[in-house]
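In the part that follows, the structures are each spelled out as structure tokens.
In the two complexes below, chain A is the common chain; its partner is chain B in one and chain C in the other.
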Partner chain A sequence: MNKFLTLIKSGILVTLRFRLGVFVTIIGNLIYLIIVYFLWRSIYLSSGNNVLNGMTFEDTMIYLVLASSMFTLLESYLTWRMHEDIQSGKIILDLIKPMGYQLYKSLGLIGEMLFKLVTTLLPTFIVVYFLSNFHIQLGINLIFFFLSMIIGIVISLCIDFLVGTICLYTQSIWGVNMIKEVLVLLLSGAVIPLNFFPQPLKNITMYLPFQAIYNAPLQQLLNTELSIYTRFSSMGIQLIWLVALLLICKVFWWKSLRIITVNGG
Partner chain B sequence: MNRIIEFENITKEFKILNRREGLKGSIKDLVSKNYSVIRAVNDISLSIGKGEIVGYLGPNGAGKSTTIKMMTGVLEPTSGTIAVNGKIPYKNRCQNARNIGVVFGQRTQLWWALPMIESLKILKDIYQVSDEAYKSQLALYESIINVKPLYNKTVREMSLGQRTLCDILAAFLHNPSVIFLDEPTIGLDVSMKSKIRHLIKELNARQKTTVILTTHDIGDVDALCERIIIIDKGSMIYDDTAGNLKKYFGAYRTLKLKIKGEYILSDIIQALELRFLNQTSMVVRTSEEWISILSKEDEAPIMEILMFMQGFILINDIKIEEINTEDIIKKIYEGNI
Partner chain C sequence: MMKQGFRYYLKIYGKILVQNIKSKMSYRADFFISLIGIIFVNLSGFITFWIIFKNVPSLLNWSYYEMLFLYGFSLIALTPVQCFFDNNWNLLTYVFSGDFIKYCFKPLNLFFYYISEIFDIKGIGQLVVGITVLSYSWTNLGLDFSLIILVKLIIALVSASLFMISITNFAAASSFYILNSAYFVMMLSNKFKDYAKYPITIFGGALRIIFTFIIPIAFMAYYPSLAFLSNKEATFLTYFTPVYGITFFYLSYKFWMFGAMKYNGTGS
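== the complex of A and B ==
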């Protein structure tokens, strides 16, 4: 157990070392939010309605601000790191650690995420809470949100690992990773709330794993009309994807490793 | 003796896509099934015991790294059986990892952004080293080299030599039974090299760790290795003590001459060939202002060469050198063994 905690701690330590990076991330995030604010304000103004697809301007902004800070949290660059490790052959040093590669890598990342949780998501949440005049409900939904977000994080890591593993075959990750990032950002509801999608597309996304990363936890947090039944069924879908992706990830990695040829040396 | 590593008829083949040239070729390559098989390691059998320091030599691309990767369990041999500590490494990679340590001269396993002592603490927990073992290991390190000033330095701030030093310490931390050192002294200056050799030697002596060392630096071999394995084009061409190798070539010596004025190398070679008709293995080379003549004592004695040379050129300075391992390896490659 001790080694897990140590690796998580190592992630936190590494992030702390790059304190400038933390500030830059926050500033970048702010600029993104300013753009989002004006974009959506003009969308609402030009439509002439106060409520679009069941969401007021305020709802949309709260959703997107929290989504963007979750994005900061989830942005692990894992695929790029794997790509770099594979290309440079450095991956061999991780492969000869006395624990599985994926677990080993994940633990460090979880440390980084914990750090960002405290420095980014939590402050954002508090600011949004006060700025929106206590628009966010504080109750059982927080617990659902938290659990749902944890599942979302693991699903996101699984997808990253899957794409990173493809790198073993292609030796280059640019294209594949770009496709992944666009798909995740769009279909997860990270940049556009899924409510704004046409109904057929929305229905499809509900059964894809991507919405489990952003949409599911944010709905748990913000949608006050969710019944307990919907909450559990949403989490059920998340859990099914979680198990499926964990399995695929393990099997794919395990199969790939058998044909791995570490470059260099 | 306790056998740590056993290789039996190990062969490793890689399948490599034959790439075509140009844009058209590259597009065709996308669906090509035109593979060729490259045999990186060819039928190697060896057995290494506890506490040995083995020099594992060979030119670039000879299959050294492939062999080491098979020992660490990262690669699976195409055929043959392999055992490290009695276990098959590629089937028990995690278990095997506890018993081995690896240092790659050009890469570091330390955390780039963290002070070295933090890296050691993380490794301590990953390898589940007990507190007492960790403390005594650090005490051991401190007794061999002055490592304390490095504890609070991050890897980023270290020189290459300091980093390699720390990487070696990190690899020994969990007291593994085998250590693989892949070109540990590459790119280091003389004093750092000797420091690192001293460290390896001490750690090997005190902990009875088996050390497998690949290097292109003959100084490493001379300073550390009792046994030498030479591999070329995937096949093992020599496996014996370092002393034996020298004994075999002991009859060879190199005469180095510094000559006053201009000379033509081909003329000298021709003259020497005419004078020593029955010699078979003389090699004449020039480096900077020195001419070096490698010869076998019973065919062309050094003294006679010297006297002969003195007859027609002015010699400023002379040196006589025993054959070094570099020449031996070259001779083996040239097929003179």
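== the complex of A and C ==
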């Protein structure tokens, strides 16, 4: 357990070293949110309704603001880091450590995420809570949100590892990474809440793992009408994806390790 | 620095371009995957509009096809900065490591030589999506088309493209002045690309003034597009776009060069 904590701590320390990076992320996020605000304001103005697909303007904004700060949390740059490790040859040193490469990398990332949780997600949550006149319910849903978010984070990490491993074969990082980013952001409901999707498309997204990253936790937090049964079944689906992806990740990685070509190191 | 003619520079650019494409082609898989990647990114913008317009008939008097027109226009106008000016992104690293000095020893215009080094071929994907979206919306809006309109369109696109180029130049050149926070400036300036695809009328009053005069994002698609859309009023600013674009580009070039002239290396 001690070695886990040490690695998490080192992740936090590395991020502390690059405080400017956090600042850039926050300002960049604000620039993004300005568009989001004005875009959705004009969508609600043009529709003439206060409620679209069961969501008021306020609901949508809370959803999207929290989604954007979750995005900063989940942005791990893992694909690039794996590529760097392979190019520099550092991966050899990581592979002979008495701990799996994936676990080793994840622990460092969890440290970074903890740091970002305190510096971005938590402040955003508090600001949104007060700005929206206590629109977010604080009760049992917080616990469901938190648990569901943790599962979402691990699922996101698994997808990142999968994509990173695919890059071992393609030797192309930018393209593969972009395809992943676009698919995840669009199909997880991070850019547009899934409620706004046309029904057939929405049904498809429900069968994909991406909605478990953003949509599932945010629904747990914001949708007050969810019954306990729906909450548990939503989390059950997340858990199924989690187990499936963890397995795929592990197997794919072991299969791929054989083909890694390291030039020097 | 020697003064050379335009044709001389064109010839040199052609030579560098061919070498560049040759070296890119040796990573053929990477090229194709990057192309698919950029097409994915641009299509996701299209899908976003499609989903939005499943919920509302129009966006503050902008119809679906008018929004697509703006989107296609902005994609094409943002292609040159992606294709030709991508090396601006590496400027910070070169200045930081001191490698920038190698560009200073060539008998060529420094800005030209530096920028010509990289041709980002995946921008072609963006161009293709842009042209497709633009012609799709053009036909659906039932707009006229003639040779004169084509010439007008090309002028509008070229002058619109100058704005993002200039913003990138300014941002990259900040590496010469404020090395420590240039990364910050670059990241933020790149975010403004996302603003280009929306009509400026959706923003509040203060932002509209900022995006017209201070950070001229509205010229990347909105103002020049007004000249082509039949039920939109073209304003003075629409016809002012080419003049403003050239002026803005010239200023950014001067800012870049002034910074480069001040550069005195890292001593290593």
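Convention: the second predicted complex is superposed on the first by the 263 of 265 C-alpha atoms of A that agree within 3 Å, B and C clash if a C-alpha of one lies under 4 Å from a C-alpha of the other, contacts with A are read in each partner's own complex, and residues count from 1 in each chain.
In this section, contacts are C-beta pairs under 8 Å (C-beta built on N, C-alpha and C of every residue); 3 or more make two chains touch, one makes a residue touch a chain.
These figures come from a predicted structure and were not determined experimentally.
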item: Chain B versus chain C as contact partner of A:147, first or second or both or neither; value: neither
item: In the superposition, chain B vs chain C on chain A residues touched; value: C
item: First (chain B), second (chain C), both or neither touched by A:128; value: neither
item: First, second, both or neither for A:99, with chain B first and chain C second; value: first
item: Touching partner for A:182 - first (chain B), second (chain C), both, neither; value: second
item: Partner chain(s) touched by A:36 [first = chain B, second = chain C, both, neither]; value: neither
item: Partner chain in contact with A:24 - chain B first, chain C second, else both or neither; value: second
item: In the complex, chain A residues that touch chain B; value: 2-3, 5-7, 9-10, 13-14, 17-18, 88-90, 92-93, 95-100, 104, 258, 260-262, 264-265
item: Contacting residues of chain A [partner chain C, same complex]; value: 20, 23-24, 27-28, 31-32, 34-35, 38-39, 41-43, 45-47, 52-53, 170-172, 174-179, 182-183, 185-186, 191-192, 196-198, 201
item: Touch list for chain C against partner chain A, complex; value: 27, 29-30, 32-38, 40-41, 43-44, 47-48, 51-52, 54-60, 122, 181, 183-184, 187-188, 191-192, 194-195, 198, 202-204, 207
item: Chain B residues within the chain A interface of the complex; value: 14, 64-66, 68-69, 72-76, 93-95, 97-98, 100, 102, 104, 107-109, 111, 113-114, 118, 121-122, 125-128, 154, 182
